[in-house]
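Next come two complexes, and both contain subunit A; in the first it sits with subunit B, in the second with subunit C.
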Partner chain A sequence: MSAPPTTMRLATPRPGEEIDRARSFTFTWNGRTIAAFPGDTIVSALAASGERVLSRSYKYHRPRGVLTASYHDPGCFFQVGDEPNVRGAHRLAEPGMDVHSQDTWPSLRFDVKAVNQLAGRFLGPGFYYKTFIKPQRLWPLYERVLQRFVHAGHVPPDTPRVTVDKRYAHPDVLVAGGGPAGMAAAAAAAAAGASVLLVEEEYRLGGHLRWGGDADLAALRELRELVAGTPGIEVLTNSVVAGRYDGNWIAVVRRGLPGGAEQLIKARARMLVVAPGLIERPYVFAGNDVPGVMLATAARRLINLHAVKPGRRAVVLTANAEGDAAVADLREAGVEIAGVVDARTGGDLVRVHGHRGVRAVEVAGGDTIECDLVVTAVGWTAPTALLNMSGDQPTYDPRAARFFPGALPEDVLATGGIAGDGTRDQLIGHAEAAGREAARRAARQRSQTRAMLPAHANGHGGSWPPADEQPVRLPELPVDPHPELFRASTHGMVDFCEDVSSKDLVTAIGEGYDSIELAKRYTTATMGPTQGKLEVVNAVAIAAQATGRTIGETGTTTWRPPYAPVTLGALAGRPWEPVRYSPMQPWHESHHASPLIAGAWIRPDRYGDPAAEVAAVRTKVAVIDVTPLGKLDLRGPDVPNLLNLLYVNKWSKLEIGRVRYGVMCTEDGVVFDDGVTGRLGPEHYLMSTTSSGAAAVWEWLENWLQTTHPDWAVHVTPVTTAYASMNVAGPASRELLERVTEGVDLANEAFPYMQVRTGRVAGADGCVLWRIGFTGELSYELHVPAGYGLHVWETLMDRGADLGIVPFGVEAQRILRLEKGHFIVGQDTDGLTRGFSAALDWAIKLDKTDFVGKPELAWQNADGGGPRLVGLQPDDGTVVPAEASQIVEGQRIVGRITSSRMSPTLGRSICLAQVEPRLAKPGTQVTVRLPAGRRIPARVCEHLAHFDPDGSRMRV
Partner chain B sequence: MSDVTIIARSPIAPAAPVRVETGWEVSGCRSDAALTITDCTPLTKVHVRAPWNGAMAKALGVPFGLAARENGWLMVGSGPGEWLVLAPPGTAEHVAGRLTETAAGSAPEEFVSVIDLTHGRALVRVTGEQAPDLLALLCGVDLDGDMTPDGAAFRSGLAGVATDVVRDDRDGTRSYLLHCERSSGQYLFDSLLGAGESLGIGVDGFTAPGI
Partner chain C sequence: MMLIRCPWCGPRGAAEFHYIGEFKPRPDAQSVTSADWRDYLYVPANPSGPVTETWYHRMGCRRFFNLERDTLTNESRAVGEGIR
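So, the complex of A and B:
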């Protein structure tokens, strides 16, 4: 099959062209086959094929073509396969690409949505503040209509996901911009010993030298060789510095990874060198968005990089050397020059004629020139974004018609076109000095940092040459005069992305939005994908003119990160979602436990029927994995002081081998955590906490020790996961443990309730055995060195088989503890539940000298305030109220259900509840309102425990 | 029960083939990749707390932020007044005993605690010149040779898990020991493997003494 025609491709190679004519391939554009060479962008290949209309504008669906031929070209956003909003003037064409225009129907050529232009007077600035509001009942219709006009591509739901890890980097010097100044600065910094990260937005280093003349190309080769040959420079092309944050925390986005993915690089640079060059600015005049109107740099890129004629007959408006060079390049490319309008001598354009393409241009003075290409070169915008983000306030210089850096912080330098003008050698000289100075300052910072690091204490890590204290002087750069050219005598597009014209801006200012920030938000000028790079200075100039102020007085809008679009995938990176497993997790999985996500832990919720598990605990023996229970190893002579301070009860007389239950409250008397603490030795204790409170309680202990009692000799070591913890519960639990335990007399007389021993279990030394129980049955909580956890568990299951041992999960445990009336912090208490509201009257020892929360608890005790925790049973035992069901009197809420389950042991529903104190008396009838609205009677129980309130079963 | 020989398990599931090394179940696989990861959880880990500037600190001889080898142990100054001693598997009782004797002899007046945390930590070693590149995908600390030279020790976040890092080069090749609380060990290992896939990481089994 023969290749499709490329009517605008130059036959003669250009000296600096970046296409490989030896190979060719094709891709499709709206179903048509397009020829391309390696090195072509999508747009250059389309332009070579004679395509002029490449998109439709946002609001009015006006035909659009090439404007800048760069990443930021607003008329070149395409759908490529499943990837939307591809910057077609930047993305390299690839074989087989499937490229489509976006948001056109039925086609790019005949777009029905262009009817919006007929409704233009109703779609002016801020129209959405005035339309699509009433009647409100039509909102669903408005949404459906507006959705059809959303101007973006689409992402199919089955698009494959690509995960790219974020990366951290710590360069001495980060150079933003890989043009001549950036390359020179990077090489100079690296030669001075700095590690350098050089970031360039385009696919290749070189900046404007790439499409320049012979001298530019020679300088380009030299600088590229210099960068390649200087060690210590990491070059990232097709990447962008997206933002600069405090302390030179810099976000770099690396594009073009497989699958269209991007990588976010978080760099902490000692020095930032900003060398972004200058961005050519469009001219505002009637018809400035018609396909065929483009910037001088666009024409030169197409001609010199891709060997593409941008048109056949051109009129050029020039105000500077770039425009003059464009005229020369156009001539060399065989484009007929129908007119050169020199703005430096008063020339100007009035309007372009044409709709789908330029047909003619009207110049000031009345002549109309037939042409198909209008090229403008009216000046530059300094992309000061990174400087603004560094805290700089660039100032406008009317002589040069652009902004310049102001006062930069110590860790930021600017070089290249953004800093001034001059010859190529002058600019490179400035950049080299900037690079050397950046390296010097970075070395000084490095020395200061090294001096602070423990790793370098006492001369470890070797010596380092001292930083040079003599600053490198940056030469002064001249500022070339440039006429201030922003808008012609007619109105035209200012923000091509947002379809905002100069007339819209003037109208907005006339309506009272007369500051640039207000005008921006009202019209959305600078709020589109280009984010002001092409339009902000024009917008400011037009606003200044409309308000009678200068550009300097008007100011600019705020440059905020990100500088360029970033995919959500890059920001997300690989999700870090730590997961914590018990040593017995493999057993749970192989025995089909239903997993419960409890914070970062995966716990077995049940293995089958929780009611059967409950029954096993009550009648035989069962075992639960409680490894997530917080465990803190406490050592030192002052541990009792710490326990007395932080628990509400007394600890001074806890003997070795004894265990005591304790509750911690915060300084406002609110219940914070509970658990048991056992004394293992003269100055050795083991504290347990709730699973979810483990880290918080550790922090709490350390906070009090380090800030209030640094004089106390206490060491706290978290050992939560040093032990695999399991609770063996049930009437046969002692019999089972006797089969596997050595060194511990398990008889009740030798090892009574609320005591602790250490010994060997299933051959594992160093086990801690607590005789405690959350379930209300005879039970032992084993803490086994974690590496042996699975072995001990499997041994228990094996040796207990004839006793009917089963595993039980968190759900069964919740039922068991509820039957026993044990509250759960955070379930039966909340952020306002003070100690006496949690039925802890028996535990709170107000006669202690002091403890955390005592004053508040003393007040609560005196005034009797706050709800009370009670056991509650619905009169109808078959009804299980949902947890958090309200307890009501009429329409007034007087309490709530905190825990609720069907009790397999009792064969009826049981609850814990918080109620007003006057309702807490046993026998009181209350009304529970179920979520669906039905109200049921329930009665306050005598005890919190619904089963074995005396606790006799635990003490056998 | 006294004659039962039990095997300890790491929180990190060993890659096949599985064998037993000094009482621990370990992976027997070998990798010749330029970048390798090894589960070193079987190593003895003994935690010491003492005044950061006292006699015990002097006797240990390793300040905060540094690690040093002595008598086959790796002593790590993991925090101010906090040390972790890494030793070959199965030596916890001996190591703890020696440290307790040192405290009694060198710092009898100081408050010193010695705790065996062998079972409480997951520990992996990453070795290869690209080890810093791997860690740079998970950790924000500057791993430049000057900022973290051989023997540097610090605590940071790796893949969202609080992790102690020790640079402990092997035969001139960059190597890092990473340890975290035990229950996050599998997650940390998987995170390192996932991030290291693009660098061609290989799993290398544990071989005693391992330190």
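So, the complex of A and C:
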């Protein structure tokens, strides 16, 4: 099928046109072939082909066309291939592109959902809060209906995944905006020695000079050459500054990577120069959203950049030089000027006639003029977003009808149209001064940073010019008066994206939502893709008028990042999930261990049947990999002081070779961590912590040593990953270790329970062995220098084969420790469990002078408050209550199950539970409420341990 | 993200640090009343304006230090080691 004739393309080239007439190509639009040149945007090519209706609006599905012909054009969001919400007035057309309008059915031309317009009275402002609510049982139906009307494109599930790494940048000066001011500032800053990052939203530098007259185009050429010829400037086009955060931490989104991907650049800039120019504002009047109504900048872009006639017969409402220039450009493009309405002398528009396209416009004072194009130039909005994000509160100047920067922080400067008016030379002069001043301040920051660093960091390579103390004076820019034109005598669209009219705003205010923040949220005005750029000032002006206040008094809504839309892919970047394995991991994998994710660690959960593993520990010998166990090497004369301070029990008299169990509480008395610490030498200890607490306990120790006892001589070295740790447990564990250990007498009398030795295991020197008993059997915990971990493990498995050795995993260990009533911090305790609620009465030595948690623990002891940890067994031993099942009395919760398993050793279910103190007496019957609601009886046990409460099995 | 000035490493992004809390001298645990102790634990001054707080340079020099930060502007300066 051949392309429709490009009836609106100008035959005579425009001086500044950006299309390459020598090469043409085609793309499809809703299945039809459209002709284009390189340099056309999707919209300019469609306009050249005479297409007028480009989309349907969000709520009412009104036909829409070109309004701004820029990135933000609300009528130009398209589906391109598998990419939704493409900004069609920004995106360059490419050969073979498959472009579709979004959210229209069955077609753009005839959209059934336009029926919404008839339901207009039911879709008034705030209808989200008033409809689709009752009856509630119909919500699944409402959801299906609403999904049909969701106004967004379509992402096919098989869209290929593109990963784009984020980038970090550290420019001295980041210039946001590549128009004349931005280019001049960037060049001046770079010439003064600064490294510059220049970010421009459009595909090319130049800003409004690109669609200007001959003088503008000459200045454009000069400035482009200047930027290209000045070293030290990195230029990013088709990129946007999305947000500015504390300390000039700036998010830049680079668009246009293959596959529609974007890249997030995180920049820490010493100075930010904000040069975003001004955004032209639409006029609010009846029919202002009909295709054929557009801004002066839109008409000039189409004509001057793309050589496209925006219409055949135009009426122009002008209040400024842009509008006047638009009239001239329209004439040059052969558009018949049917009327020029000058707002400076009181002219105004009343309403546009037409639905799918402009047919005529009614001018204030009488005439209705037939035309197909209405161009408005009623004023400018300052896009102050980056300034607001810098902490500035821009102020409104009624004389100029726009907002101006207020007080900026030291690290931000504003230049260009946002700072003031004046001739092109005046603005460029201001920008040059801003660039030089930005470079000066960046240099000063750099010296100040240097001065903060320790003396030996003198910097390497490259000299930096000394910071000039004399600030560069920024010239004063004139501010031109401009009439305040927001709304005509009729009501029209304010937020084109969200389909909010001025009437909606007035209605909302009448309903009581009379602050701009409330009116915004109730009507959703400024909450669409343009985020206020085209609509906030009109909305504020209308709100001001409706409440009898000034614009200054009404204020604006908050400009928040991101300034422009960002894909989730850019924010995600490359997924980065570091994983930690013990040295024995290859053995676990080849022996079919089920992996357990424990924080960043992968641990073997089980190798087969945990019950069989439990049996092996209780009757033969088995070994578990416990490498993630936190280990801290402590050295120095003051280690006992540290242990006494942080543990609840006493540590002054721990002899060399002995091990003690300790519990740490925080200053609120809450159980924080537990572990065993052994003394390896006169001033040498090895502390173990829980696996998940390893990092936190290290930080805890450093905290107390640095902030409270810098006078103590203690060195702390984390050795969690320096050692591979394994626990050899079971009645035959001594026999096995005797076969592989040298230098340690393993006999019970020589190496009793709760003692530590060092020696050689399986030929590896420097191993630490301690006899402790988490599982309740005779067991030795080995800490092997990590490089030998796998070798020692394999040796144990080999030399223990005839003893029936098997590996056991975390699940079996959980069962074993529960049989012995050993609590796990964070499982049987929570963020409120103070020491006496974890059955630690025996450990907490309140007669110590001071230790962390003592005050609260002393008060808990005195008032007996808080739950108690008890062993619990359901009467029916076949029922294993789910962990966290509640313990109830009638409708009151009096406790909960904290740990629960089927015990293979006892052949019945066993639990630990937290209960109110009055229910903690052994023999007390309680009621457990299972998650499905059933209640079962259970009894408080004599001890926490369900098996071998005397602990005799560990001491053999 | 805001810049935190470590006394040893200079200004670094806040993500390198762990915020410990508002700096409060620890009351004498022997003689403190429960009301004063809970005030110490749970009631920060939380001013609008400058506040002294303790930070830990977790991904840097691993020193604890005190910082005076303006809660309105997030500008800050180190005020020495974090000794209580």
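Everything that follows uses one rule, which is that the second predicted complex is superposed on the first by the 858 of 956 C-alpha atoms of A that agree within 3 Å, B and C clash if a C-alpha of one lies under 4 Å from a C-alpha of the other, contacts with A are read in each partner's own complex, and residues count from 1 in each chain.
The criterion applied here is as follows: a contact is a pair of C-beta atoms (placed from the backbone, for glycine too) under 8 Å apart; a residue touches a chain by one contact, two chains touch by 3 or more.
All of these numbers come straight from a predicted model, not from anything done at the bench.
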Which of subunit B and subunit C A:D165 touches, first, second, both or neither: first
First (subunit B), second (subunit C), both or neither touched by A:T627: first
Which of subunit B and subunit C A:T449 touches, first, second, both or neither: both
First (subunit B), second (subunit C), both or neither touched by A:N320: neither
Which of subunit B and subunit C A:R268 touches, first, second, both or neither: both
First, second, both or neither for A:E699, with subunit B first and subunit C second: second
Partner chain in contact with A:S195 - subunit B first, subunit C second, else both or neither: first
Which superposed partner A:D668 touches (first subunit B, second subunit C, both, neither): second
Set intersection of subunit A contacts, subunit C complex versus subunit B complex: 268, 449, 453-454
Subunit A to subunit B touching residues, read off their complex: 165-170, 195, 266, 268, 446, 449-450, 453-458, 460-462, 464, 574, 576-583, 586, 600-601, 627-628, 633, 635-637, 713, 715, 717-723, 740-742, 760, 762-764, 766, 785-791
Residues of subunit C touching subunit A in the complex: 1-3, 5, 8-11, 13, 18, 20, 26, 29-30, 32, 34, 37, 41, 54, 56, 58, 62-64, 73-74, 81-84
Subunit A residues touching subunit C - in the complex, by the definition given at the top: 245-247, 249, 268, 391, 409, 449, 452-454, 667-668, 699, 702-703, 706-708, 710, 849-850, 854-856, 859
Touch list for subunit B against partner subunit A, complex: 1-2, 4-11, 13, 24, 41, 47, 49, 63-66, 77, 111, 113, 115-121, 136-144, 146-149, 151-154, 159-161, 181-184, 186-187, 191, 194-195, 198
